[in-house]
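Worksheet for the structure shown next.
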Amino acid sequence: MRSAGRHFLQIPGPTNVPDRVLRAMDRPTIDHRSAEFADLAHRVFEGLKEVVGCSGPAVIYPSSGSGAWEAALVNTLSPGDEVLVYETGHFAKQWSEIASRLGLLPILIPGDWRSGADAQAIAENLAADGERSIKAVCVVHNETSTGCVTSVPDIRRAIDATGHPALLMVDTISSLGSMPYSADEWQVDVTIGGSQKGLMLPPGLSFNAVSEKALSASKHAALPKSYWSWEEMIAINAKGFFPYTPATNMLYGLAEALDMLNEEGLPNVFARHGRHAGATRHAVEAWGLEVQCNNLGDFSNTVTAVRMPEGHSADAFRKIVLDRFDMSLGNGLSKLADKVFRIGHLGDFNDLMLAGTLAGVEMGLALANVPHRPGGVQTALTALVNESA
Amino acid sequence: MRSAGRHFLQIPGPTNVPDRVLRAMDRPTIDHRSAEFADLAHRVFEGLKEVVGCSGPAVIYPSSGSGAWEAALVNTLSPGDEVLVYETGHFAKQWSEIASRLGLLPILIPGDWRSGADAQAIAENLAADGERSIKAVCVVHNETSTGCVTSVPDIRRAIDATGHPALLMVDTISSLGSMPYSADEWQVDVTIGGSQKGLMLPPGLSFNAVSEKALSASKHAALPKSYWSWEEMIAINAKGFFPYTPATNMLYGLAEALDMLNEEGLPNVFARHGRHAGATRHAVEAWGLEVQCNNLGDFSNTVTAVRMPEGHSADAFRKIVLDRFDMSLGNGLSKLADKVFRIGHLGDFNDLMLAGTLAGVEMGLALANVPHRPGGVQTALTALVNESA
Amino acid sequence: MRSAGRHFLQIPGPTNVPDRVLRAMDRPTIDHRSAEFADLAHRVFEGLKEVVGCSGPAVIYPSSGSGAWEAALVNTLSPGDEVLVYETGHFAKQWSEIASRLGLLPILIPGDWRSGADAQAIAENLAADGERSIKAVCVVHNETSTGCVTSVPDIRRAIDATGHPALLMVDTISSLGSMPYSADEWQVDVTIGGSQKGLMLPPGLSFNAVSEKALSASKHAALPKSYWSWEEMIAINAKGFFPYTPATNMLYGLAEALDMLNEEGLPNVFARHGRHAGATRHAVEAWGLEVQCNNLGDFSNTVTAVRMPEGHSADAFRKIVLDRFDMSLGNGLSKLADKVFRIGHLGDFNDLMLAGTLAGVEMGLALANVPHRPGGVQTALTALVNESA
Amino acid sequence: MRSAGRHFLQIPGPTNVPDRVLRAMDRPTIDHRSAEFADLAHRVFEGLKEVVGCSGPAVIYPSSGSGAWEAALVNTLSPGDEVLVYETGHFAKQWSEIASRLGLLPILIPGDWRSGADAQAIAENLAADGERSIKAVCVVHNETSTGCVTSVPDIRRAIDATGHPALLMVDTISSLGSMPYSADEWQVDVTIGGSQKGLMLPPGLSFNAVSEKALSASKHAALPKSYWSWEEMIAINAKGFFPYTPATNMLYGLAEALDMLNEEGLPNVFARHGRHAGATRHAVEAWGLEVQCNNLGDFSNTVTAVRMPEGHSADAFRKIVLDRFDMSLGNGLSKLADKVFRIGHLGDFNDLMLAGTLAGVEMGLALANVPHRPGGVQTALTALVNESA
């Protein structure tokens, strides 16, 4: 049976793609070697660099976000290099596994998946690395699996304090375009991004933003690479072209999405995400449930992972919400499987969509017989009314 | 500044057009004299007749709904004919004014705009019409300006009881496809419909469904007509064509919308509208506000008109809701201007969209300082959970 | 079996709707009583008036073009009024029949369907009308059924020479936006237009552009009217709204189409249509076939009707072209049925589309064994190359 | 100034994306971990395997076609492995360069870029490889830079004749879905494909189809890999999911495109491409120009590269065609730069689009003063009429 009305896609990405972006993509593909294409390319590079806050080159791959992880590594590192990864959650762990598959030696600093990366722990590891074997520090800005944010400036300061020359690589896949970020100001060497979250596109594009230091490192990086290679890419990009056929229609969408972010104004976009995250946490608290992130300052503005009371299945709950209210919520990943559900509140999203989302959660809790106090939605509404728009 | 997320179009029509319908319309126009077109035409006539519940011909005009009002009159009546109209609200009154402009003599039975048409009053008027000057009885099934429904079977019975031969014409513009209706079973002579409400299309198409009796009357109807004339239209429609260029892309959308209604199943569609109307009234009651319709049995399943407390402006409230929450609510019309606001809960709509809608109303009431009790949304959620989907 | 590639819709309207217009229409319907809507409405009225070349009001109906014919008549005339119509072809005749159905007395000046209207004949009829019973002169600017153009300035001069006060009404359905036209300069009292030809929209909108003189006439016009009534329409339009629900998504398309015409520049648009018509006639001549229009100065820039050699069926030929090359050509209407086929070369059209169109005709002639000389396409290409773009 | 009408995108890919595919992609992204997604995934894998003619797994990457080249290599080979590549043209050479960058040792058999791969030369190289150092033979089925086809069965037989165990890898990027191909029948170990040619999608997806033998090889392949790794991909694909976020909207398009190919019927699709290629060569011959492919049996059915007469610039010619006729033609690549132009006649294409394309070429030749005989279009039309559809 057909479900009436719009699906609520409240996983933490892909997000609800706005009509304007879909319609912009719904156009005939053009010659990727034409002047018209070059104009488009220049426009998206320009816009993307503003969102990333970088003055150096940005690279756009036709790939998922994990491609951009790989790209960051293969362009800067050599077989056997050590990389220091803080285990903020599932995605940090995945990144470290990818490093391992590529012939690098990841050092995974264990975390409890309930906070951002611990700058102190990173500093200690670097300080202990007298031989400077560690070539890169990898942190996930916003850990999508847990809803915990890492303070990148803190990491930067921690690295600087040790005087360690390792590159700093930051995964911003679920924060870019939703939370303040500045590659230049924070001196991030490689920023990794994707299209399908705050940038409001379907999945299919990923990004690297590259510092001078990372570019230098790439001259001597010995890992084999071709598709991901920055060198030819950056040289050809400068003219508005790509070394291989780009995903033209996705670039149409990206240009439109960047326009939309500018029309709203990035500070407004960030404030909106903050309001929605705050209201969501108020709701969770009102329900008497626990947020996965237990470090106050690390709460994510884009995704809230909610812990299920002992003895209750998050996946059974999510199934009820999907079947009954046509809303997709995020599942718990690896060790959090069935233990948390995740509410995505990012991208092209507004107060009434959030109200509908929280209503679906609250009604789902009731139908799934999950112990909770009603009233979370009402609490969120009060928060939304009281906080200035 | 751009508003993020989707606009909530909660006026009682045009409704939120589903993507499938928009995408179906987003196709090259075809030759309206081709076999491919004839297939399309046969398909939409077939489907439309099922929704109207009629075995006689349905006529589709490229026009707004008011064109279909005019069509019903000019095809069946002659200058100076009397038509009996029950004043359920703004739209009934408008229909009567149109009759007057066309050279007919409308008799408007006054109503207080807070209930459906009074079958007894209609019966009395007909009974008093010894000379059978009244040629048609016109009622609005669902009065969009007030949210009151008229029981068409009651009207039918009242007419039959008097033995009066007047035609029965029913405006279903804001009920068709959302509430049970059967032109055949209820012996309605002309059913008037439009595309932009329960049929989930943009505005631009209107309908007449015509009984045998109405067809007979049309043979002798002396009002001048050309564009609206059924005769040539029905003859040519039978072959899958139109006497003039049809609105082909709107017909694409209609075909898709009819498919969608069938995929959900009309009884399910009707039940869904009933659930949403019920939850909405629960919310209004919880807020301590008054619904415009004050006759229990006449509550509309597609639109709820809410009365503003004395001394408060409905339009000021609606402006706050629009500016702050990007939701359009319906305004009060003519004598209800600024006194009521109307919530449309029809078309392609689901529980979470309703929750978002009611949340916008409740937050708007707070921001506009309209005296009310919080908790309407919460009450509605409870109602939605408890009533089986 | 699916046909590959794009259909060639080379009937003389509806025309190939450009993607930009379809995509503009593929957007959620907005509240037709909102400020956003009023902006849209002002924009389309402004743009439409530029294309029509009128300073007085333009009226937009959700209807097919025949609705605008009816509107022109019912707003300005009274029962029994005489209207003088020159029979340029099928559509002029239809207009006259509509006048008749509405209670007017059309005087149809017979024509041979092979030229534009004869100004001299019109002048003679007016001069003979000592009692000034003729209230309107109706001419079709570009007769879509024959591909013959009427010189409106000639008609204007002929009327003026007689000193007759009749209104001048001009049907521009298949010329507007494709051929030079100026309601003000040519002192046309009512201009009739439609959306689905040079304006590049799907069918569903029609227009009236109204002179001061026509407005004055409308004060005393006694034909009954409501849907088509200018009075309320013009008053409400001034504020950016409509007396009944407008066809919002069609208006989105109209705004986009007007932008496109302006981006190309109307003089360029007109020149393009002229080049294509010229090249088409060169091809027809090269094939040794005859153009229906036999008056050199009256050749249409938007449609070419080609006469079939005696003993050959135009419809059989058209069917072969459709089945084999997926191209729709226009059929012969009423007395030209099966005797001519019509090539539409208007709207969003370019040289290569024309080449494909003429290629389809030439290959179809071969497959249908219609006597002709090959080489028409080649001749057209030479013409296109030689005439400056 | 805006160009009217549709752009003719006659580069040999990306091709003219059909509306149905664009519209299918123009839909909200869904949860890539939902049952609805799994249905979609199963459907596209099934359909893709039919087009490739393979019973083993097909892998779909969010990437351009060059990603699939890389994937074929890194999944099956180890550092220092030799790969034998026949230099059919630019793309074969690029593939060999990629192999080199990845740490493989390509042996490039030189070719003159005017024919398909020489099976005899490949056989000789393999026969001479007593140590079996060559691990893979790489050929491009349809060399997009030259319009020459390689007979894969011939290559297969040549390899088999030597008894050499090297894997056979075939790039079908510009042939898949346009020309007959069967990975199973021809015993191809890795087939490389892309979305933006015969599959009628925008660029952004690439494919590998994998034989049992290639799968076995992958168990011991030592090149580092993660994004491209088949192992996890194939395992997770079996359940309808992906190890990382897939390009969901591209998959919508792929599903639609596969439906379209089936509706037309693959044999009909192939025959259509053959007809169009034949007509194109007839035109080139009639113009007195030379086709780059000089081996009769190797003419491509999807792209025709035409040599410019000495002293004339292909790029100057292409610019005139673009500026004047809004058609994009393919440029000459690397050593063919400015020496050839390439006509793409593949994908969603029909007779009249081809006629328009050839008309644009012929008019461009005239405007660019390229010595040629007029009449190529006319010759092509005759060919199209005479060959059964």
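Some notes on this structure:
In this document, chain identifiers A, B, C and D correspond to the written order of the chains, with residue numbering beginning at 1 in each.
Following the convention adopted for this analysis, contacts are C-beta pairs under 8 Å (C-beta built on N, C-alpha and C of every residue); 3 or more make two chains touch, one makes a residue touch a chain.
Since we're looking at a predicted model, the values are computed, not measured.
In this assembly, the chain whose C-alpha centre lies farthest from chain D is B. By count of C-beta pairs in contact, A-D exceeds the other of the chain pairs B-D and A-D.
Computed from the mean C-alpha positions, the centre of chain A lies at a distance of 34 Å from the centre of chain D.
For this pair, chain A with chain B, the centres built from the Cα atoms lie 46 Å apart.
Between chain B and chain D the centroid-to-centroid distance comes to 54 Å (mean Cα coordinates, whole Å). Under the contact definition stated at the top, the residues of chain A that touch 2 or more other chains are 6, 16, 23, 26-28. Looking at the complex, you find that chain B touches chain A at residues 1-6, 8, 16, 18, 26, 260, 263-265, 268-269, 272, 324-327, 348-353, 355-357, 359-360, 362-363, 366-367, 374-375, 377-378, 381-382, 384-385, 389. Those residues of chain A lying in contact with chain D across their complex are 6-7, 9, 11, 13-17, 22-23, 25-34, 61-67, 70, 79, 98, 101-103, 194, 196, 202-204, 223-227, 229, 243-250, 322, 328, 331.
Of all the residues in chain B, the ones that touch chain D in their complex are 19, 23, 26-28.
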